[in-house]
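Common to both upcoming complexes is chain A, partnered first by chain B, then by chain C.
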Partner chain A sequence: MKEQIYRWAGPSLWVLGLGVPFALSANWISILALFAIYAVVALSQDIVLGRAGMFDMGHAVYFGVGAYTTAILNVTYGWPIFWTMIPAIIAAALVGGILAAPLVKLRGDYLLVATIGVSQIFHLAMVNNTAGVTGGPDGIFGVGVPSIFGHQLISQGNEYLVDWGLLGIVLLLMKNLEHSRLGRVFRYLKEDELAATTLGVNARYYKILAFALGAGIAGAAGTLFASQLAVVSPGAFVFTESVTLFAIVLVGGQASIPGVLLGTVLMFVVPQVFRELAQYRYFAFGIGMIVVMVVRPQGIWPRRRRMG
Partner chain B sequence: MSTLFQQLVNGLTVGGIYALIALGYTMVYGILKLINFAHGDLCVLGAFIGLTVITSLGGASGSPEIWVVGLAFVAAIIAICCAGVVLEFAAYRPLRNAHRLSAVVSALGASMMIENGIMLIWSPQTLVFPQGVLPQISWHVGGVVITFTQLMIIVISLILMASLYLYVNHTRFGTAIRASAIDQDAARLMGINVNRVIVSVFILGPALGAIGGLFIGLYYRQAVFDMGWTYGLNAFIAAIIGGIGNIPGAMLGGLLLGLFNALAGGYISSTWQQAITFGLLIAILLVRPTGILGERVAEKV
Partner chain C sequence: MSDLLSVSDLHVSYGQIEALKGVSLRVAEGEVVAILGSNGAGKTTLMRSLSGLLRAKSGSITYDNEELVGRRADLIVRKGIAQSPEGRRVFGTLTVEENLDLGAYTRPISETAGSRAEVYSTFPKLQERRSQLAGTLSGGEQQMLAIGRALMTKPRLLLLDEPSLGLAPLIVKDIFTKLRTIAETGVTILVVEQNARMALKLADRGYVLEVGRMALEDSAANLLASSQVQEAYLGKG
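Right, the complex of A and B next:
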């Protein structure tokens, strides 16, 4: 019985989410639309950090690569939003894979520090208007809205449904990853790399793959982010964003889908709701992070041990 | 040529500050294997406390007496030491046996809390240090200008580093610190109170950091609540360059990074200076992850 509830609770909640545009105010729709986008990024961070066990503190970079790819292709070259998602995913996955290729040989804190470096370099590169296409510190304005069969999804509710749809796809993907060979390989690598290697796992290959996969998904979220906000600027992909994503996974619970979603709610939706208290929120956040870790070091909703 | 020497002097000044802050990172890492992300913010807190003492006791004239400046340093050091110990007790000690990432998130939370606490207590804007806190003397040596502030920072940093080096290498308690860094369990079996060593590290590091933070304020004559990240990251890079966990390494790394930043900013590109620094960091991590002087932690890489 309990198993049944567990199995159906998630999908039911997602279906319920489809009704949001018809039930809630515009303010809530935009908060939940951004929740869907950040949840996708957090889940993709979880692939690298929670599942493959690599301390990646630069995940906002891949999210940013996706968003910038979309913004540049849409604003400068007039591509439709949905078409930009493919190059956005490819670009982000490539950046993730290429950066990971040399970096994955670093372990633990050393990888963490190197990814912090990547994050800072990316931010500076965007601010400095590299190659004259990133728009400098102000970023790129006027990113369009997606369209389906020539029908522009102008209304906020429609855009929300697109975001919610992506979240659904990524959740399915994560669910499948959990039960697939790839997911198990990641877990072995996390638990004991040496043992995995002796069993014939090509550790380097799978680590790069984890980065590319996580980055690609973050890139897809970047596309929708650019379209949702209509503007892409370096400020949205600063190091603090990477830290927040990192904390979402740890506070929620590594390799736990409900945990990561809960983490996203706590670290992302809650501050949006208490916007009037904006100046106190990061102060409270910091205390909250310490308290959660001290009380529940494994995260609020850790991964369930598999039964049987 | 004089530009080169000028950059060297500037670099040495900033390098001395980095080294002071880097020591806090490296000592904590050496013993707890924890990147204390809150350290940079503690140093900035020191700068703000020092500034408050100077402005409230120094009068409006803007050139306070020397004892006021001294008091500012003492107040900053005491406050930051207390903050460091509280941090250790509240945020790190309960997590000592937990997964290491839990402690990292706790440290990030502490950093966020201190940074935004500073913003709430003082101001979200940049605060300016008064003009005449230190004597406005400068010397011209063959086209190179050395200010009193620079000389003071360089000399005091070097004295502090030398004292710490002697303390850690030539006293009983220093030996206990080094022993705990090598092997906590063995140190405990030898009768060393490792908890006391850890607390002492959270006193020594923040003390030096508070001085470093106040130096930043006095040198650049301004302080802003979120500058902890910038200086913290630079100091942390310095610690890695020297070999994280290695005390002389942090000193060397700080000075080298200061010089490197000054030269990179002066000769290559000032807009890309931070990126160059991080590029250097990644290159060092890939080629020689243990840093220049760090042999001991080779197996941790």
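Right, the complex of A and C next:
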């Protein structure tokens, strides 16, 4: 019985989410649309951090690569939004994989510092308009909305449904990853890389793969983010965004889908709801994070251990 | 008998510090060879160089007529060299059975069950504990699991890094009895140990490693009898 509830609770909640545009106010629709996007990014961060166990403190960069790819292709070259998602995923995955290649041999704390460097360089490159296509500090305006069969999904509700759809796909992917050989390899590497290597696991390859996979999914979220806000600017992908994503995984629960979703609600939705409290909410948040890490270091909703 | 493994003039460094200063050894197919040495002699460094976890600065490691220096660790496992690492390093949050199955990572899934049954027949204790988390096992059981897991790769050459580490004498004796059984199935074994007596009783031949160099080489029986080994490693005056 309990197992049944567990199995169906997630999908039911997702289906329920499809009703949001018909039931809730515009304000809520926009908050939940951004929740869906950030949840996808947080889940992709969890692949690298929670599942493969690598301290990636630059995850907002891959999100940003996806968003910029979409903005540039859509605004400058007139590509439809959905078509830009493919190059956005590929570009983000390539950036993730190529940056990871020399970095993955670094041990935890060193990797953390190196990824902070990556994050700073990305921000600088975007602000300084290095390639001449990113619009400098103001970013790129006028990113369009997606269209299906010639229909522009112009209403907020429709855009929400697209975001919610991506979240659904990524949740399915994560569920599959959990039970796949690849997911298990990530777990072995996280727990004991040396032992896994002595049993024939090519650690370097799988660590780069984790980065590329996580980055690619973040890139897909970037596409919808650019379209949702109609603007892409460097400020949305700064170091503190990466820190928030990192914290979502740790506070929510590493390698736990409900944990990461709950983390996203707490770190992202709740602050939006209490916007009028301004700075105080971050104060409350800081204290909350400290308390969680002290009394519940495994996260609020940790991964369940099934007994064999 | 032809050599399955032969190491010549192996140099391995950690930065400026040279841990192995020209080590040579050979292991024939089907043989059990022990390498004795105290803390810091370079035993683990040697093991990790053989399994590709560390890269040698110079020298050569020939296995089955192939050069291994510079090879990736995961490919060396696929060549038939398995390592039971120092400190056991079982996956504490996985069950005994999951740990064993992970050992069969490089092999077709269809062969897993058969190999697992073989490991269970060598170590019945592991079968009793099959669904228990490895982290809850005793030290001796964890050592058995580490050896069993290495056997799951179906090795021709089994490298054992201090299987007696931190275990009570009775349990050490038990484990070395099992190693004898494993050797009798035709697996070649290279074991590094501080526990010289147990290692030499198991082995056909032995080496003594002292601060990065081989100090002695002889048959196990001669080493057990040698006054030098007795003084340094067997605690007899």
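The criterion applied here is as follows: the second predicted complex is superposed on the first by the 308 of 308 C-alpha atoms of A that agree within 3 Å, B and C clash if a C-alpha of one lies under 4 Å from a C-alpha of the other, contacts with A are read in each partner's own complex, and residues count from 1 in each chain.
Simple rule for what comes next: contacts are C-beta pairs under 8 Å (C-beta built on N, C-alpha and C of every residue); 3 or more make two chains touch, one makes a residue touch a chain.
This structure is a prediction, so every number in the text was calculated from the model and none was measured.
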{"item": "Touched partner set for A:11, first chain B, second chain C, both or neither", "value": "neither"}
{"item": "Residue contacts on chain A - larger count, chain B or chain C", "value": "B"}
{"item": "Touched partner set for A:202, first chain B, second chain C, both or neither", "value": "second"}
{"item": "First, second, both or neither for A:114, with chain B first and chain C second", "value": "first"}
{"item": "Chain B versus chain C as contact partner of A:188, first or second or both or neither", "value": "second"}
{"item": "Touched partner set for A:137, first chain B, second chain C, both or neither", "value": "neither"}
{"item": "Chain B residues within the chain A interface of the complex", "value": "33, 35, 90-91, 94-95, 98-106, 108-117, 119-120, 124, 229, 233, 236, 240, 244, 271-272, 274-275, 278-279, 281-282, 285-286, 289, 300-301"}
{"item": "For the chain C and chain A complex, residues of the former touching the latter", "value": "51, 53, 72-74, 77-78, 82-85, 89-95, 97-98, 102-103, 105-106, 130-131, 149-150, 152-153"}
{"item": "Footprint of chain C on chain A - complex, ascending", "value": "184, 188, 191-192, 194-203, 305, 307-308"}
{"item": "Chain A - residues contacting chain B, complex", "value": "55, 102-103, 105-110, 112-114, 116-118, 120-121, 124-125, 128, 239, 243, 246-247, 250-251, 254, 279-280, 282-283, 285-290, 293-294, 297-298"}
